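What follows are several structures.
One chain, chain A, appears in both complexes that follow, with chain B as partner in the first and chain C in the second.
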Partner chain A sequence: SSPAALAPCRIMPVRWSRYNPSYLEPEVRKESYQKPLEELTEEEREQAELKAVRPIKAAPPTLSSSVFSDPMISKFTNMMMKSGNKVLARSLMSQTLEAIKRKQLEKYHKAPENEKETIECNPYVIFHQALKNCQPIIGLSNITKGGKTYQVPVPLTDNRKRFLAMKWLITECRENKHRRTMMPEKLSQELLLAFNNEGPVIKKKHVLHKMAEANRAYAHFRWW
Partner chain B sequence: LRLICTTTAVQRKNVGASGPEKYTEAFIKKQIEEFNLGKRHLANMMGEDPETFTQEDIDRSIAYLFPSGLFDKQARPMMKHPTEVFPEQRKIQWGEDGRPFHFLFYTGKQSYYSLMHETYEKLLNVQKHQDQLIAQDLSPQKEKRNLAGSRWLTKIELEEMLLEKVSDNDYSRFIQLLEKLVALPCAEVEEQYIQKFSKEVPVQSQKVVIEPLQHDERGVAFSTGEGKRKTATATAVVYDNGTGKITVNGIDILHYFPVLQDREQLLFPFQFLGRIGKHDMVCTVSGGGRSAQAGAIRLASAKALRIFVTEKEVEFMRQAGLLTVDPRVKERKKPGQEGPRRKFTWKKR
Partner chain C sequence: AKHTEQHEGRLYNIPLEEVKAVFPHGLPHRFQQQIQTFNEARVMVRKPALELLAYLKGSNFAHPAVRYVIYGERGTGKTMTLCHVVHYCSRQGWLVVHVPDAHLWVKNCKELFQSSYNRDRLDQPLQASVWLKNFKTSNERFLQEIKTQKKYMWGKRESTEEGRPLREVVEQGLARVRSASDAVGVVLRELKQQSHRGSFRLLVAVDGVNALWGQTTLRKEDKSPVSPEELTLVHNLRKMVMNDWNGGAIVTTLSQTGSLFKPSSAYTPQELLGKEGFDTLDPFVPIPVPNYSPREFESCYGYYLERKWLQHEKAHTEDGKAELQFLSGSNPRQLERLAGPL
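Coming up: the complex of A and B.
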């Protein structure tokens, strides 16, 4: 409920945090520290100067500099988590990635020679591509004008797109599955379908796009 | 919707802006005279030189002459300069005929708006100076202002300066204007004016002294570090020339931390510095839960590794967030609510 009009304000009314507002986010990846000074652009140089002076927040427990920690995967794991059971969510995620790898390897070994190169075996690549394919470009928002509520097409921020893609995947896997199928199996199925631009989540995205196209007439109701 | 990082200072009443003065100027003057006289009498009583009697000496003497066992420090007898006792207040803003002195009185926030006008005037001044330089074909030099040691006045300090209430929106607009002024190339012209609103932040005081290496009986170099996270405290001893074995409370980490995430956190500092197989670690940890203990050991090991590594790498570790104590703790439950944020179920009747 804080609209864009408050954006110029530096003191953003936000959920408060234990850190002083001057603390900056930590940068965990090793490669960003190995770049020599000359390669950085103007903005990066200013950022680096600021970082040298300001205090930095502590790295959260989900973040690590190892190759295996991926911020998108952690976000997805957190969204899958129920009642704070991170252990279970993490194990489900790793089982999903394993299942994807197994299915792709099976396909790889069965495929003829010329098609072997087109089959993607890296589960992380499949996950990222599937998420990207599920992200909607435009969203709808309810605007009440003259007593009636209209569905107005509205641009979405990156964060919102990612959130919607992840949410659709998870709700799809929780609801539309047989009682006896396990979550990793269903999730790996959905991810592979999304990777190939098929499946119910992609259909949902297309339905949203069609609705937005149909309500084009109300686009001028948006004031931000 | 709450301000980020509220402190008790924010909740303090802004007495200066509460209204016209309760104490007349003559009264305050008399108080100051009485205070100075009393200071000289006190110095004579204590047998010290009245000329060099400082506030600390006054506090000491009063504590000696009027010993009090009261718990609250504010309730004990004190003798302070009247400007500290009677807070600065605004004088009456209008004359005897009822006509206000300041031309912006009827805006309601006269000091704030006059400040904004002044700052904008300085901005226009700087722009005029810049135009003059361009007309003379001299390029305006852009000197980077030292971000290091200065910060702007906080809202409370600004309120104290202006003696009137400043809202969040107004404060942020003022800071934006100041930043705009500073960003212009020829801002050095108004440097004096800008310095009224900026304060020094001592950066060098954050220099942490790193303990030197120690050697145990076998001649192996080691270093210790301590870490805390939520309620867990940990001490880590990192040995040089090791094989990468890590022991926690006498138990191997594979058995102590069955969860992969905790082990990842333990190895994070080593992996960041690229020294995975080169050090041995023995840690002791107590308190907290599984994740808190892992975080505490991570901080302790990062602190211990600072000695084995160059200063640049220590700076990289700090920027990666390995050397900061995580201040997040469990939020308390509030009365009238079920938990820290969750409210009781709303029942219509």
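Coming up: the complex of A and C.
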């Protein structure tokens, strides 16, 4: 839980770790270690000297120096994970990406020449585009005024939009499928539908937008 | 394609119709998926396969059949080497007896019957009928030409006369599922007796040969464990693998992935075959299969790029290639698994 060299404090940190301010962040990018000394600017030289002396914080498990790592994919994998089984979640994610790639490649090879450029085969591009299509623009929040709770339309932050999109996708895949279909198969189907702006998740987003539009009158209840 | 050697590291194409005819069973599952996605079957020509083909070409068919054992660590391409050799031999016109995975015969069997031919042994109708069906598709024309030399009785009323084509024995086994294992035994015995005449060459290709001498997970009705000799299929296959016949060759593969009660780090013939198996197979030619050499790795990577299998933008760069090589350790199976999601 909490590492050595804490700043003197009476409260023990429980959830987020508290480091002494002298600890530096770990540097993962390979390029920064390959520059020779002459190319560094003044600040970078100071940084390098500090690194030789100060202690460094422990690297979190999501930080990776691989060229193939993607923050959105790792966030999605963490959300799919159940009871800390990251191995299973990661294997499901890679099977999903492979299933998307296979389906798109089969379509690509069967399509006539002029349509071949329109078919997108990169599973990462499809994943990002599908998530973007699923993100709602406006959300609803419960505000209590005069004893009654109203659903008030409210703007959402980027983080909240991404979270909602991923959450809807995962709950949809977990609940609305046949008992025998595997998660990668169902997820790949949903992602391809969302990429084309079809499917139950997009429908849910439209329903939310319609509710927000219907409750426009209460918009002035918001005070932030 | 005509099998030209000295093409190490290159990939050669097998037309899809031949794939269905020669390999009804026997290709690894992931390779079959790859065939479906790319619409073509590409096998890499590697050193162990070239070695084997050279031995087969130079072998003297008057001498007893030579045994070759392909061994190596997990995922280095032993089954693919076997498939390459099988394809070559079927192209040359040999009769191929291909057992895709002997481990399937010693585990997960739903039905075990007592054999009618021999009281002590146990029959496996399901596996036997599946194998007979695949044997029929792969060796159609030979079944017409080869004639039986003895009269065989299937139960009280049905019998196959002397001089009938082998096709009838196979049909009998498929029709009467109960006697399918005996049909398999008959087929193997006929092939063995007639191969020395020289009208055809016989290749016995067995994948996972260490299953024949290990233990089984099957139990009899009184819950006592079954040893491999008590299974008719295993008994007949052991007779095939003995080198007391001539006019062909025996190519086998060791496999740890399907083996029962063996540690996962075991890959040498000594460990996987056990003492009994090693003594039975004793004068054999071992053929080790290593991981990809740098040249083979480049060729595989280039193939994936060409077929648009590696879609990630960073996978096309030098950094990506170096990372793939490091993460997979040049192991063909790991490379394939890693390249899947990328």
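In this section, the second predicted complex is superposed on the first by the 168 of 224 C-alpha atoms of A that agree within 3 Å, B and C clash if a C-alpha of one lies under 4 Å from a C-alpha of the other, contacts with A are read in each partner's own complex, and residues count from 1 in each chain.
Following the convention adopted for this analysis, a contact is a pair of C-beta atoms (placed from the backbone, for glycine too) under 8 Å apart; a residue touches a chain by one contact, two chains touch by 3 or more.
Treat the numbers as computed from the prediction; the structure is a model and nothing was measured.
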Once the structures are superposed on A, label A:Arg179 by its partner contacts, choosing first (chain B), second (chain C), both or neither.
neither
Is A:Lys82 touching the first partner chain B, the second partner chain C, both, or neither of them?
neither
Identify the partner contact of A:Leu97: answer first if only chain B is touched, second if only chain C is, both if each is, neither if none is.
second
Of chain B and chain C, which one touches more residues of chain A?
B
In the overlaid three-chain picture, which partner chain does A:Ala58 touch, first (chain B) or second (chain C), both, or neither?
first
In the overlaid three-chain picture, which partner chain does A:Val28 touch, first (chain B) or second (chain C), both, or neither?
first
Once the shared chain is lined up, is A:Phe68 touching chain B (first), chain C (second), both, or neither of them?
both
By the touch definition at the top of the document, which applies to A:Trp16: first (chain B), second (chain C), both, or neither?
first
After the superposition on A, what does A:Lys148 contact: first (chain B), second (chain C), both or neither?
neither
Can you give me the overlap between the chain B contact set and the chain C contact set on chain A?
30, 66, 68
Looking at the complex, which residues from chain B come into contact with chain A?
1-6, 147-148, 151, 155, 168-169, 171-173, 175-176, 203, 206, 259-261, 264-265, 267-268, 271-272, 291, 294-295, 299, 315-316, 318-322, 324-329
In the complex formed with chain C, which residues of chain A make contact?
30, 66-68, 93-95, 97-98, 101-102, 105-106, 108-109, 121-124
Seen from chain A, its contact residues with chain B in the complex are 2, 8-22, 26-28, 30, 33, 49-53, 55-59, 61-66, 68-69, 86-87, 90
Under the definition above, what is the set of chain C residues touching chain A in their complex?
33, 36-39, 308-309, 311-315, 317, 319-320, 323, 340-342
